[in-house]
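Each of the next two complexes has chain A plus one other chain: chain B in the first, chain C in the second.
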Partner chain A sequence: MYDLIVIGGGPAGLAAAQSAWEKGLKKILIVERDKELGGILNQCIHNGFGLHHFKEELTGPEYAGRFVKLLSETGVEVRLDTMVLELTPDKRVHMVGKATGYRVEEAKAIVLAMGCRERTRGAISIPGTRPAGIFTAGAAQRYVNMEGWLPGKRVVILGSGDIGLIMARRMTLEGAKVLACVEVMPYSGGLNRNIVQCLQDFDIPLYLSHTVTDIRGRDRVEQVVVSKVDKNRAPIPGTEMVFDCDTLLLSVGLIPENELTRQAGIGMDRRTNGAVVYENMETSIPGVFACGNVCHVHDLVDFVTAESQRAGEAAARYVLEGEAGQEGCLEVKNGDGVTYTVPQRIRPEQVESFCDLFFRVNRVCRNSEILVISGETLIARFQREHLAPGEMERVTLPRVLLDKAQGEITVSVREVEA
Partner chain B sequence: MYDVLIIGGGITGAAAAFQLSKYKLNIAVLERENDVAMGATKANSAILHAGYDPKPGTLMARLNVRGVELAKGLCQRLDVPYRSCGSFVLALSEEDRAKVEELYRRGVENGVPGLQLLTGEEARSLEPNLASETVCALHAPTAAICSPWEFCLALMETAVRNGAELHLNTAVTGLSPIGGAGAEGAGGASPSPTGQGGWTVHTDRGELQARFVVNAAGVEADAIHDMAAPHDFTITPSRGEYYLLDKSEGARVGRVIFQAPSKLGKGVLVAPTVHGNLIVGPNATPVKGNDTSTTGEGLRSVGDAARRSVPSVNLRESIRNFSGVRANTDRGDFILREAAPGFIDLAGICSPGLSAAPAIGEYAVELLGKAGLTLEEKTDFICERKRIRFKELSPVEKAALVEKEPSYGRVICRCETVTQGEILAALHGPIPPCSVDGVKRRVNAGMGRCQGGFCAPRVVELLSRELGLSPGEIPQDQSGSWLLKVETKGGHRDV
Partner chain C sequence: MKELICIVCPKGCHLKVDEEKDYAVTGNGCLRGAEYGKAELTNPTRVVTSTVRCEGGTHPRCPVKTDRPVPKGKMMEVMAALEGIALTAPVHVGDTIIENVCGTGVNVVAARNMDKGG
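And then the complex of A and B:
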């Protein structure tokens, strides 16, 4: 019997295992489906990782490497090339691997760190023919950075998520011509620094409020038709632009991979597509924790690390000290302008001194107030000059303020006159 | 010289090849694409219709009912995913009621077993997600769902194992009767149909000769017919667009849910698939040739129509859209006949073509027998097929399999839990795949919610290793559908 099984050996799983070890757990197993640890970081060969956590700029593989090195100095066990097929509510993990065969392992605690997958053409129903040459940005990134193949030479990118922006630059550097980046919303879904460094620096036009309305070509993409959209995101006839290209990359959103979570009967949040979690990243099954992109999609790996450390520490506390009490549990509600919050539940008794609350807004806001209200009582108010859906927000709630709340708290955004 | 050459490797050609491979014959199938099941066979509703729809007395009616009966046994013996789920035809208004009752009468006349008329309430008690407007429903318990491309593959693989040859990447360009008025190329003068001495089949890879030719060319069947006999029918292709929804929607309905038919055909259905997804579609749009694109307007109309019968269907769970082209003709029936001496048409195989296919295969044998083909049964005919589906095994079976063959312990497709062992088995099967989608059709890798985002690079790697090709030579699907342009290390100055 393991103290802890961590499902997934990407940045979330690595940090959770590391922290659980530091907090005193001895028998820890990481199960990773790929042939090496590091997850998606291994194909993110660009820099920009680690500014918050390590206070220096690293590439993805370097960032992962730091954690892999730290772990190698612990007694944490790693099983690579091994896929978890099932997690039962009583924390038995069914897994299969070429080297170890089919195994069922038991653990006192579980950390879910399976990450996320990309939305595809089918998920957004782009009409047209069905030729080769339509890739999710992450799949193209794998071909270019890991397999050593450039998937095409004339590229249109739909969606301005960060991976799409990174790939605009990467494909350009590899000799492809990126004709346009097309975003259906009136604002970019990616980080501002990526808009500047990956599009503007390479003179790649960004078409906001546009989308792909047709794909042409029998065998391979030959043309992509881009149309302007109205405020309801419906294409406006007569605004079509035709791009001659051989590749369409999609960067149209990420979906947490929660098949195991659902199977285990863990409570889910429809807004995050991840598990509903408490302040310590614990799910509705005591002793099962979720962190990183499997819980909600992050912008920066540094934040994944911080969240996963909390999950790992909490898993250790669960194993060493037992189940947390449920007294005074607060439901966190989404008020005006807020699309989701993590955590969705806070047990003030479990909060030592303060609790971080992460959320996203549903529109671009200037000079705003973030209001945290419980019933009629204003618990806290925060000022922000700029809020955008592409950038995750965080407010820190001290325990003393949480103690003032009753039953639920609501987070909302209100724009104020400059 | 071959005894029989079959033109077309779709479900019709495969069923004919399968039936003919029971006899001591020298047969070959010619397919212009790089795989079988590349036309309507891979893009349809995947329904085995009970048989109440075709007009009584037609070949369509007879072969539909016979076909679904045969399909049940064949799917079992050839290990094809099949589920007997039954179907409803809904009347959503009092006007529809008469149409549904008419279908009931037709069905009884066609000999469809077990038909029942249900009240709206009875229908909803069996299928709680049906529209509250449902006034009555025709229940056909013999309707079933299957995997159409695996059915086609299974039939063709079995034919190949029984000695049939399969010539992929071979397009027929002309037919000329042996000992007739000279060779005919494509677009040549009108042929003189004297095929008693057999036929020379001209292809883009050279000539072949056969005593009998079977035309199972789907949407191109009129063009092939015209190479051998005077023009007397025209395929008028009709496109149907679909949504395939995630498994989270797979239990929305337990049966195939049709609406009362209109002029445009059987209308939009909502149905479970044997893979656990939900399929929604099709509409019907006349198109030129094999136009399998989708349109925003078409998909919207499909969604709107589906919500009339199952209002809660959640199209946001879409994982793929596709369209298929029906080989409709100006006739009201399948065109199955000896069109010229030694030249058999299996044409106009529109819906219920998949349902009727096994019976069309039988009927083709009958036509060939009447046309003078000697049919002597083999004593060693193989009529079974089995493939390992890792996902469906019990934990104990999984453990035993991985211990015996470790490659089944490496999961390649995480959405559908498909292992390396299954892909390798397909690559060493009777009809090895040569494309990423060819692997998908054989073992389901890439069929799930991430649509190959994670597993395609692994599949490319396995294909290139096993076929001894560079990754750049592995197509997504049909030849020409290249995936990877150039290696990243090297010159890229020509953009």
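And then the complex of A and C:
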């Protein structure tokens, strides 16, 4: 019987296991399906990681390497090349691995840290033929950065999420010609700094309010047709542009990978596509925690680390001190302008002094107020100069303010006159 | 007067830089933005990250980076210098791969450990 089993050995799993160890758990197992720890960081060779956590700019492999090294100095057990097949509500983990075969392991607590996967062509229904040469941006990133293959020479990128922008620069540096980055929304889904240093540095045009309306080619992609869209995101006839290219990269969103979570009967949130969690990242099954991209998709790994440390600490507390009480639990609701919040439930009794609340907005806002309201009572108000859907936002609620709330709190955004 | 978007942090301030007033920056939210605005018009620099061939390791490519930013105009030259490099595992994070790459005074270093294996 393990104290804790962590499912997934990426940045979330590494930080959760490390923190649980530091808080006194002795028998911890990380189960990872790849042949090494580090998860997606191993293929994110660009820099910009760690500014918050390490106060310096690291590449993905360096960031992962630091956590792997810390972990190697603990007694945390790691099982690589091992896939978890099922998690039961009574915390039995079914897994199959090359070295160990089929095993069922039991634990007092579980941390879900499976991360997310990319949306594919099928998920967004692009018309056209089905030739070779269509990749998700992350798959292309793995080919280029880890396996040493260049997936194509003339490239169009659909979606302006950060992975797509990063790959526009990466493919260009490796000698490919990136013809265009196409975004259906009127604003980019990626960080502004990536628009500048990945597109503008290399004169790659960004077409906002455009989408791919046809893919042509029999064996290999030969042409991609791009059209302007109206405000309902419907393509406008007559605006077609044809690009001669051999490759289309898709950077059209990420989906938390929650098959195990659903199968275990854990309560899900349709807005995040992750588990509903309490202030300490605990799911609807006591002693099962979720953190990182499996819970909600983050922009920065530093925030994944911070969230996962909280999950690891909470798992340790659960094992050592027992189940948390449910008194006075608050439901967190989305108000105007807010697409989701994490956590979705807060137990003020469990909040030591502060509770961080993460959320995304549904539009670009300048000079805004973030309002936290319970019933008719204004609990807290925060000012922001700039808010965008592509950037996760955070407010910190002190325990004393949470104690004023009853039943539920609503988070909303209101633009104010400058 | 030149308009820029600051890339120092995710906020993306809209900067205005006045070349005629010693690159005075307005629109910046912090001091780092003023530094960036001036550097971007006088000597823009970037860190280059890429990979090189690696034999006998757990992966066929090893990630590398310049240990400091290089002039933006030298990025493709640095990429060309990486073309012929072939490492042999084991490689340790921080190992110098190329000293003074393209005369920039900056070193290219390994960005991960690459153990022996296949």
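Note that the second predicted complex is superposed on the first by the 418 of 418 C-alpha atoms of A that agree within 3 Å, B and C clash if a C-alpha of one lies under 4 Å from a C-alpha of the other, contacts with A are read in each partner's own complex, and residues count from 1 in each chain.
The criterion applied here is as follows: contacts are C-beta pairs under 8 Å (C-beta built on N, C-alpha and C of every residue); 3 or more make two chains touch, one makes a residue touch a chain.
On a predicted model such as this, the values are computed, not experimentally measured, just so you know.
Applying the stated contact rule after C-alpha superposition, one finds that A:E147 touches each of chain B and chain C.
When the two complexes are overlaid on their common chain A, residue A:R193 makes contact with chain C while staying clear of chain B. In the superposed model, A:D403 lies in contact with neither chain B nor chain C. In the superposition on chain A, A:E118 contacts chain B only, with no contact to chain C.
Taken together, the two complexes place residues 144, 146-148, 174 of chain A in contact with chain B and also with chain C. Here chain A touches chain C in the complex through residues 35-36, 42, 45-47, 57, 59, 61-62, 64-65, 144-148, 173-174, 191-193, 195-197, 201, 299-300, 385-386, 391, going by the rule given at the top.
Those residues of chain C that touch chain A in the shared complex are 4-12, 29, 46-51, 53, 58-61, 63, 65, 72, 75-76, 79, 93, 111-113.
Those residues of chain A lying in contact with chain B across their complex are 33, 81, 83, 85, 94, 96-102, 104, 117-118, 120-125, 127-133, 136, 138-139, 142-144, 146-154, 174-177, 213, 215, 218-220, 235, 246, 259. Touching chain A in their complex are the following residues of chain B: 243-244, 292-296, 298-299, 315, 318-322, 395, 398-399, 402-403, 406-407, 409-411, 414-415, 417, 420, 449-454, 456-457, 460-461, 471-472, 475-489, 492-493, 495.
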